[in-house]
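What follows is a set of structures for review.
Consider the two complexes below, in which chain A is the common component and chain B and chain C are the respective partners.
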Partner chain A sequence: MRAVENALGITIPDNARLVRNLISGIQYVQDHTIHFYHLHGLDWVDITGALKADPAKTSQLAQSISDWHNSSTVYFKGVQDKLKSFVQSGQLGLFANGYWGHPAYKLPPEADLMAVAHYLEALDWQREVIRIHAILGSKNPHAQTYLVGGMALAINPNEESTFNVDGLASLIKYADIAKEFVEKVYVPDLLAIASFYKEWTELGAGVGNYLSYGEFPNDSVSNTENLFLPRGIIFNKDLTKVYPVDPSKITEYVTHSWYEYKEGNNAAKHPWEGITNYKYTGPKPPYQFLDTNQKYSWVKSPRYEDRVMEVGPLARMLVAYAKGHPQVKAAVDGALKKLGVGPEALFSTLGRTAARGIEALVVVQMLPVWIGQLAANIKKGDYRVFDGAKWDPSSWPKEAKGFGLFEAPRGALGHWVRIKGGAIENYQCVVPSTWNASPRDAKGQRGPYEQALLGTPVAEPDKPLEILRTVHSFDPCLACAVHVTDLTTNKSIKVKAV
Partner chain B sequence: MAEKGSIYEALKRKGVSRREFLQFCSLMAATLALPAGFGPKIAEALEKAQRPSLVWLEFQDCCGNTESFLRADRPTVVDIVLDLLSVDYHETIMAPAGKQAEKSLDDVVKNQKGKYLCVVEGAIPLKDDGVYCCVGGKSARDIAKEVCGNALATIAVGACAWDGGIPGANPNPTGAVGVKDAVKGITLINLPGCPMNVVNLTGTVVHYLTFGSLPLTDSMGRPLFAYRDRIHDFCERRAHYDAGRYVREWGDEGHQKGWCLYHMGCKGPETYKNCPAQRWNDRTSWPVRAGHNCIGCAAPRFWDTMTPFYRTLEAVPGFGVETTADKIGAGVLIATGAGIAIHSVARAGVKKYRKEHHIPEIETKEKEE
Partner chain C sequence: MPKIAIDPITRIEGHLRIEAQVDGGKVQDAWASGTMFRGIELILKNRDPRDAWAFAQRI
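So, the complex of A and B:
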């Protein structure tokens, strides 16, 4: 949307900006929470530990960190009983063959039980709060009201079948439910669990360069100086300086990727000139290993000024923190103080996981603000949510090109489009997991996953729980497995994503 | 009475009351479009059934159907659904990874041969020995053949697993197809849509548990309870269509009054799915309700046949909006020269297809039209 709107010079109405902020905002909050409990949590929480917990002590623990209502001894006893019956049924489903009892699990049983209870609660909660997507975007997943020029959501407080006061009231309700859970469950759990894993503030840092496009326009999307989460770059973990982002400095290599450029294997191309010509040269399936000296990935290698960049919540929070963003600074400093660590702890596996929770907190607190602005516009009689000046392709120039930069929950997302004769001539996407999962480039520089994994201690090579912690901390968008392929000396590990 | 190890027993352990359980059974009966009074029969069956294993395979996909699965809204909590089915393998949400994850899948395929359910999400690329989608060094095609081939039944969720979806759209660089074209001779139910609505997945599974058979399907293997009715016929804006009240531009008077989206390119007249009745996200909304036209995401090869999404169906030469979907589908293909005669192929091959896929022969209204 932003790429085409940029190419055609469209400015979307203020209501469309707010609706998009709300859809993206609740997506951040819901995604981050699901990631913490359901995609990453069991790397830190041993479910079998929860069976041994004392429910009364669990209740004390829960009440010492939060005033969330589900915190009685009876409540935790109930969760534990359900868990026991589940285990006794012999059908362990998703939890079969986990790394239970692994020496890298460090939580006391009471923290395990508390986390398991909230794992289950979060499953219900996420389904409830994402109704904001249905109200504004028609459905979730795959919202369907985005138009080039705005949104198809019709705003009219005097009709039943449009977005009206009932819609506004529903937004307020679900935003409240979202906010309460993040403030009283997600963030307290995150800090409680992190306090037992402080050694992970010294592991998994990796590249140390961070890129954020910034997100949530406070006014026009073209005003890149006025985004709620700022745009910027940090090099070499230096928080004293934030560099501006120049999109013309982004290029992609295919040196170790199964694509070809006619300019050769070591060429780098800007996305406007980018091509995606696949050429698979790996082994025929079934195979055991990929040769990482050759091409070994379907992921290209995006670079900024030829440098490797990490993207994601940590990059966004670091850029905002370094720029002195008041809400982010308060939330980050609060978390660091609770854990008794300094800002350098952020450059780590745990820092990545913590940044996600801090961001959920900062963003969920903006939902009522955007809802309020939307209500204020409607009150003024401003129902506009779409600009149709360029809807008809006959109104377009013969040739146009544009780009759209967006911060998806997982990180920096860029689309580059060239339009010719009313049709797309070229379209390239550089997505967050392409930055983070990129293979080596022409200079042999490893991508963020690979760098973050170097030097990771692994207690039991057959059960590489520690590897999962770091890979999962990036929230990879690849449903594929990461396979341990080679154990070298000193417990360092080489991995490759397939 | 509930038998030990039954689904109802499992639900009770999760803290579900008898009353909530019966309510769930009634809702399921409603979803499945069964006559009133079928709730108790579902309840009786669930009290006896053991939780069947379910494995969930992801191939060329975006995880949208997994996300939809996590939004399961009735029964009211996702862990009920997880407990209703023993989900033994699902790459995105399972605890183990790597070798341990593969063990989970192998255990089911070996130890429960012919007894487990398999859900497939995503397309399967056949070109060049299937190199374009491998998991753990095995091609999606080989995994699907083994896992679907040994399953009691396979449920293909979403457009991609049905007919290739977006990876299979023209020019289909990887030779992506749906399960029906990648693995022959299996029992298969298709739940197209982008993504599928999870209500139809839970409905299909409960139908199987309750009646010991898969729900009746149409000529394309889609359950009638979800895909018999045309969106246009049950649309909440249908009265505006009949009265000639149309949205002509986004944000115009008609749009702000909730009029018919036909001229904005709505594909509801060509698409068969229960969106108007079931809506999405606990019946909160669906595209037309929110003000956007239906894009026909449950229609065959919709990326090729339903695009441009904003072109009015009138542009299809020779057919009015009331023509049957089968005929319009053919018309679109002729008009665009898109290449594959989906409906006619499906129609001609119905008997063979059913036989190959062990889908029971049934009579449907639209088949005879």
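So, the complex of A and C:
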């Protein structure tokens, strides 16, 4: 959206900014919570421990860290019984694959049970709160109301069929549900679990360079100096300096990626000039190992000034913290104090995981602010949500180029577009996991995952739980599944890259 | 040095492979490989720029 609007010189109305902030904001909160409980949690929580827990002691533990209502002995006994019945029936389902009983699990059984209970609660909760997408975007995932120039969301407080006062009331309701869970469950659980794994503040640091494009415009999208979470770069873990972001310094290598540049394997290309010439040269599956001296990944290697950069919640929180952002500073300092560690602990696997929870807290607290601004605009009689002045291609220049920088929940995301004769001539996406999962570049510099894994302990090489901890701490999202449908036969075609 | 490969890494979105050299109980070197081609860039060529968001919104 931003890339095309930037290319065509379009400014969206304030209501569209707020609707987009709300859609992204609840996406952050939902994604981060799902990541913590469902994607990453079982790297720290042992299901078999939960079976051994004393429900009464679990209740005491839960009540000591939060006043969340589900905290009685009876409640935890019920969760444990449910878990036992899964195990006894041999249907572990969600929990079927895990390195249960691994020596790197350190939680007391009661903390395991508490976390498992909240794992299950979070499944229901995330379904509820993402209804904000249904209200503003028609559905989730893949919101349908985006529109170049604004949002396709008719606003009129008095009409039944538009976004109206009932819509506003629903937003407030779901934002409240979201906020209560983050404050009373996610953040207390995060800190409780982290307190048993403090050695992970010294592991998994990785490259130590952090890039944030910044997100949530406070006014115009083009005013990149006034974003709720600021834009900036930190080099070499130095929190005393935040450097500005110059998008012209971003390039991508394919030295170790299954693509070809006509300029050769050591060339780096800016995304506006970027190309996607795929050429698989790896071994024919099944294979034992890749030849990592050659090309070994479908992920390109983005670099900033030829430096490897980590992106994601940790990068955003570090940039905001270093800039003295009041809410982020308070939340980070609060968490560090509770854990009894200093800011240097943030440069780690656990720091990455903690930053995600801190960010969920800071962002969920902004949802009511944006809803309030939207309500105030509507109250003033400002229902504008779309600017159609440049909708018609006849109003466009013959050639245009633009870029849009955005912070997705997983990190810095850039789209670069060139438009010619009303059609897309070239489009390049440099997505968060391209930065983080990148393979080595022409200089042989490791990507962020690769660098972060150095020194990771591995107690049992056939059960590499510790490697999963660090890789999961980045919240990987590789190549979202692409299904191509042939409209003539209506058959789904599986694209197999062999 | 013993080398291990984890493929696929589960509980993520998409397809990721990690190869790691492990010695003395620690990772000595590591390689990350995305094992699936994306290609949204190619799908977007020659399309109406007003439709780009619908293809690219989740990547």
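Please note the rule applied: the second predicted complex is superposed on the first by the 477 of 498 C-alpha atoms of A that agree within 3 Å, B and C clash if a C-alpha of one lies under 4 Å from a C-alpha of the other, contacts with A are read in each partner's own complex, and residues count from 1 in each chain.
In the analysis below, a residue touches a chain if its C-beta (ideal position, glycine included) is under 8 Å from a C-beta of that chain, and two chains touch if they have at least 3 such contacts.
Keep in mind it's a predicted model, so treat the numbers as computed, not measured.
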First, second, both or neither for A:Gln288, with chain B first and chain C second: both
First (chain B), second (chain C), both or neither touched by A:Tyr296: second
Touching partner for A:Lys198 - first (chain B), second (chain C), both, neither: neither
Chain B versus chain C as contact partner of A:Thr162, first or second or both or neither: first
Which superposed partner A:Pro461 touches (first chain B, second chain C, both, neither): second
Partner chain in contact with A:Lys329 - chain B first, chain C second, else both or neither: neither
Contacts of A:Ser138 with chain B and chain C, given as first, second, both or neither: first
Which of chain B and chain C A:His102 touches, first, second, both or neither: neither
Touching partner for A:Leu39 - first (chain B), second (chain C), both, neither: both
Touching both chain B and chain C, residues of chain A: 38-39, 42, 97, 141-142, 147, 278, 280, 288-289, 391, 462, 464, 468, 479-482
Interface residues, chain C side, partner chain A - complex: 2-6, 9-20, 22, 25-50, 52-54, 56-59
Residues on chain A engaged by chain C in the complex (per definition of touch): 1, 3-4, 7-8, 38-40, 42, 97, 141-143, 146-148, 258, 274, 276, 278, 280, 288-290, 292, 296-299, 391, 393, 415, 417, 419, 422-429, 431, 433, 437-440, 446-447, 449-450, 453-459, 461-462, 464, 467-468, 471-472, 475-482, 495, 497
Of all residues in chain A, those that touch chain B in their complex: 34, 38-39, 42, 47, 78, 81-82, 85-86, 89, 91, 93-99, 120, 123-124, 126-127, 130-131, 133-142, 144-145, 147, 149-150, 152-156, 159-163, 278, 280, 282, 284-289, 383-386, 388, 391, 462-464, 468, 479-484, 498
Touching residues on chain B, where the partner in the complex is chain A: 5, 10, 13-15, 51, 53, 58, 61, 63-64, 67-68, 70-73, 76-79, 82-83, 86-88, 90-101, 103-104, 107, 128-132, 134-139, 142, 173, 194-195, 236-237, 249-251, 255-258, 279-282, 284-287, 289-293, 295
